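Think of it as A, B, C and D in the order they're written, each chain with its own count starting at 1.
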Amino acid sequence: MSEEKILEFEAPIYFKYSYTAGKTTTSFLNSIKKGKLVGQKCPKCRGVYVPPRGSCPKDGVATEEEIELPDIGTVESFTINYLPIPGGAVDPPYVSANIILDGADLAFMHIVDGIDHSEVRVGMRVKAHWKPKNEWKASLENIAYFQPIDEPDLPLNHLSDEKNA
Amino acid sequence: MREVAVIAYAQTPMTRDAGAQNEVELIMQVVHQALDEVKLNQTDIDFTCSGSCDYLQGVTFAFVDGLNAVSSVPPINESHVEMDAAWALYESWLKIQMEEADVALVYGFGKSSPGELRSIMTLQLDPYYLAPLWPDSVSLAALQAKAMIDNKMITEESMAKVVKRSRKNAKSNPNSQLSGDFSIGDLLSEPIFVSPLRKHDCSPITDGASAIILATKEKALSLCRNPAFITSIDHRVETAQFGYRNLTSSPSIQKSSEVINLSDYSIDAAELHAPFSHQELLLIKELQLNEEVSINKSGGVLAGNIMMSAGLDRIGSMFNLIKSGKVRTGLAHATSGPCLQQNMLIIMESKNE
Amino acid sequence: MSELAAVVGMGQTKHSSKNGEVSIAGLVRESAEKALLDAELEWEDIDAVILGKAPDMFEGVMMPELYLTDALVANNKPILRVHTAGSVGGSTGIVAASYIQSGMFERVLVSTFEKQSESNAMWALSTTVPYAPLINAGAGGYFTPYMREYKRRFNVPEHIGRIVAVKDRLNALKNPYAHLHIPDINLEMVEKSPMLWDPLTFLESCPSSDGACSLVISSERSVTDNQLPAWIHSTSMRSEPTMYAGRDAVNPQAGSECAKDVYKKAGIKDPIKEIDCAEIYVPFSWYEPMWLENLLLADIGQGWLMTEKGHTSLEGKFPVNMSGGVLSSNPIGASGLLRFGEAAQQVRNKAGEYQVQGAKLALGHAFGGGAQFFAMWIVGANKP
Amino acid sequence: MSDKEILKADFELGFTYTRSTGPVIGHFLTELQKCKIYGIKGSDGKVIVPPAEYDPVTGETLKEFIEVSDIGKVKTWVWVNQPLEKHPIQAPFAWALIQLEGADTNFLHAVKVKKEKIMKNNMKVKASWALPPKGNITDIKYFEPI
């Protein structure tokens, strides 16, 4: 029989949940399954959101009008990750970037690759690199990463000016 | 003390599974409905406060997404309690008392359908001695009911009467989840769930959201025909040591009754947050409500239980009664924790002649 | 008019990556007892308890106020639990102040904590739901792009972040409660520490701590002279959505509007001149210059110059994070109240070795979420 | 879009937490390893089992440990016909508030009996120990009638 003094113990706490994507997210995921990026437009501020969430967070109103966006955009900000995350989509080091699609008003985070990490720039033009079609499912993971395209960078100040306006 | 009143209340239909509707969509409905009811915009709101719980849906920071349902550009004066939204209302009431706000928006939301609510609630317990054994919320409530039966305070029949009245009252509540006419015999012939409780003795699993708007007297009278004034409000908690509690009494309710001078009021109606039928009977006893007091006209939480706004819904339901002129002085009650560990009492009154 | 309120006691634990000596209750209790001792009060003097902490999933205890009621001697008293993400410590302080300012209570205890060693808090923040790729590496992965953008936007030299990292850790050496005590800290050590999220190195990031912080807040009529009150001149909170079209996450509108509001309510016209020092929520080095600008303490694009010139050091013109700040201790739920409390200790002249001489007016600041929730207060040695 | 078309997926949220015990809980769990149950003396002289860190009435820090029996009386009980996945017994069982000999408060735990009919208030039960004990509340597997 053990005489060890107890200082700590393990408490496993695990729960199963069912996640419901909701109408808007389902619609977005169904589109991306077909290789299309479909956002929503706010009826008030006309802001375009992708991925859409069914509401404009700025105005607190429902968004319904759908708008298809190209898979081309601009790097708004980014970092190079060196820390592995349990269950993470990719192994470090990798570049995670806030990418704003052409025609969208809000960035979303995705991976930038196909370029030396030290060459990634704010304002850099990128295009989605899709996984092979037979691997497509209802997830943003269908885009393996965004890679640079042969277009001049968007003027750096353009982005911040727009934001500070 | 500033005079503060509830001037608007909105609630989604209470459903077992809101399915396609996410939290933001649920909140958006009720926030807009409450604002429209008194013709206000978010920019007229001085303080916004919400109540929710991450564990219900299994996502950290549930309230952060919830904020997307409220227009918060330009930025708003806003806060959140990881509690029933009745406590968000309390925080808002303090903000009005300190004159930081004249009008406040309170909302609560919860989707209990995605998870295993009975087990999730276990995490409210002491994490060393109790939680590792996983006693669930229904079992704990059953222990309380059994102790009350053993003490001859209630019978299975008196519990069934509570359910019968709840289902009957719920017939006139368009948002209710469970309603209908049942006989005591029908109810008692139902199988036992966790003895001595039958399923109908327990509040159902519900998805939904609700919102309330509070205002100072001056604003309230200009925006609402018959606002419900919060005359008195107090909340108290009891020990976490489950085995130390006498489950057949409620010292926190007794203390709060004293603090709000409950015995000085002639209460017409009460909306009691009793997630289990026997708890309604315990509350009636501890609050010393006589038979003339009409209890849970809305059907109470046995007819629909939006976790994290069920307490707020009691305040909202009392507002509905007062606004419609059916009640002059009412008592609303909210609870949290296993077996009524924490309680809030609110006296609400009409000032119309 | 709201009633005047004052901080009359502060208590905190020694912050560490793991406090294995105590239960969750023991951790919170230690800070509460110290706060009462500092205020020269007994448990029965407390009318209500306000508890703050970050997500319940950090400890796997849901609505922990229910379990902590005995430790905080709250039985048969009101207890309320605040949760506003990382700003929660600050928000909790503000909610506690409102108990007094409303005129409803005489003395309240506000306790905040995080026991991050119980789980792995960083990953508890990165939980994901189905259909979404897990790309974001914790708070650092989320915030670093905005730090990079700040640096890029204003062409800020590389070493600014390192200056902050060294300055706050040097301050921490004077604070016996600070988690990180790195005696030989220097710029080179920070630069050579492992890169976590480019350009942010390990030593430019906050630690993950177990810790608790409590304050006693009193009404004016209950304050006694020997309590050395820190009078609460003003409080303010602002929230905005995580994302919306046109949002500037580098200089969030919610932060600057919160600052304007808290200064206005305190009658402050020129904050950098009138305020003596500040405890600002800086979990990553670059956030010092970013927040100096957001807080209107420096012009846009000029915040880093204050840092570079040493104005924010303990001996500088405008000391920031005298206690060592979040970069030296980060029990998340308590971090905001630590900022608020350390600001109070300065004007109470109780900050020990890191006391700013003659500090009469101080700012406490906290932020949370995607830099979208802000809580601030101004405390003073004199009544407003 | 009908509800059926909405995408749904199950996911698990969980961590194995490491709970540091502090002196009071630590003492209790350490003694459990020796199949001994300790309570603590409250401010009013009542023996509280399991030992509370802080007195529920006065709030004072409690320190005086008292050994109690692993035999006690069922004060209240309920019957679980369909155990949940996380319950300590995966067959119909009772939850009970048990007053151990030497204790003044009730201890919540499971009682293993074959049939609900066997359960009675004031019946005597004894702890059934998990061997080897690990220093966890689950070292007491459940209580059984004697």
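Simple rule for what comes next: a residue touches a chain if its C-beta (ideal position, glycine included) is under 8 Å from a C-beta of that chain, and two chains touch if they have at least 3 such contacts.
Since this is a predicted model, take the numbers as computed values, not measurements.
> Check every other chain and keep only those touching both chain C and chain D; list them.
In this structure, the chains that contact chain D and also chain C are A, B.
> Counting C-beta pairs in contact, does A-C beat A-B or the other way around?
It is A-C, judged by the count of C-beta pairs in contact.
> How big is the gap, in whole Å, between where the Cα atoms of chain B centre and where those of chain D centre?
The separation of the two C-alpha centroids amounts to 30 Å.
> Taking each chain's centre as the mean position of its Cα atoms, how many Å separate chain A from chain B?
Roughly 38 Å separates the two chain centres.
> On a C-alpha centroid basis, what's the spacing between chain B and chain C, in Å?
That gives a centre separation of 33 Å.
> Please output the residue numbers of chain D that touch at least 2 other chains, ranges allowed.
Counting only residues that touch two or more other chains, chain D contributes 1, 6-7, 9-11, 13, 15, 17-21, 25, 52, 56, 136.
> What are the residues of chain C that contact at least two other chains?
20, 23-24, 57, 59-60, 70, 75, 124, 127, 129-131, 241-242, 244, 247
> Give me the residues of chain A that touch two or more other chains.
Each of 7-8, 11, 13, 15-23, 25-26, 29, 57-58, 138 in chain A touches at least two other chains.
> Applying the document's contact rule, which stretches of chain B touch chain A when the two form their complex?
Contacts found on chain B: 19-22, 24-25, 28, 31-32, 42, 55, 57-58, 67-73, 113-116, 119-120, 123, 127, 131-132.
> Flag every residue of chain D that touches chain C in the complex, lowest number first.
It comes out as residues 7, 9-11, 13, 15, 17-22, 24-25, 52-59, 61.
> Would you tell me which residues of chain B are touching chain C in their complex?
Listed in rising order, the residues of chain B that touch chain C are 1, 48, 53-55, 58-61, 63-65, 67-68, 72-83, 87, 90-91, 94-95, 97-100, 120-121, 123-128, 131, 234-241, 251-252, 255, 336-338, 341-342.
> What part of chain D is in contact with chain A in the complex they form?
Chain D residues touching chain A: 1, 5-21, 26, 29-30, 33-35, 132-136.
> Of all residues in chain C, which touch chain D in the complex?
Per the touch definition, chain C meets chain D at residues 18-26, 29, 43, 57, 59-60, 70-71, 73, 75, 115, 117-120, 124, 127, 129-131.
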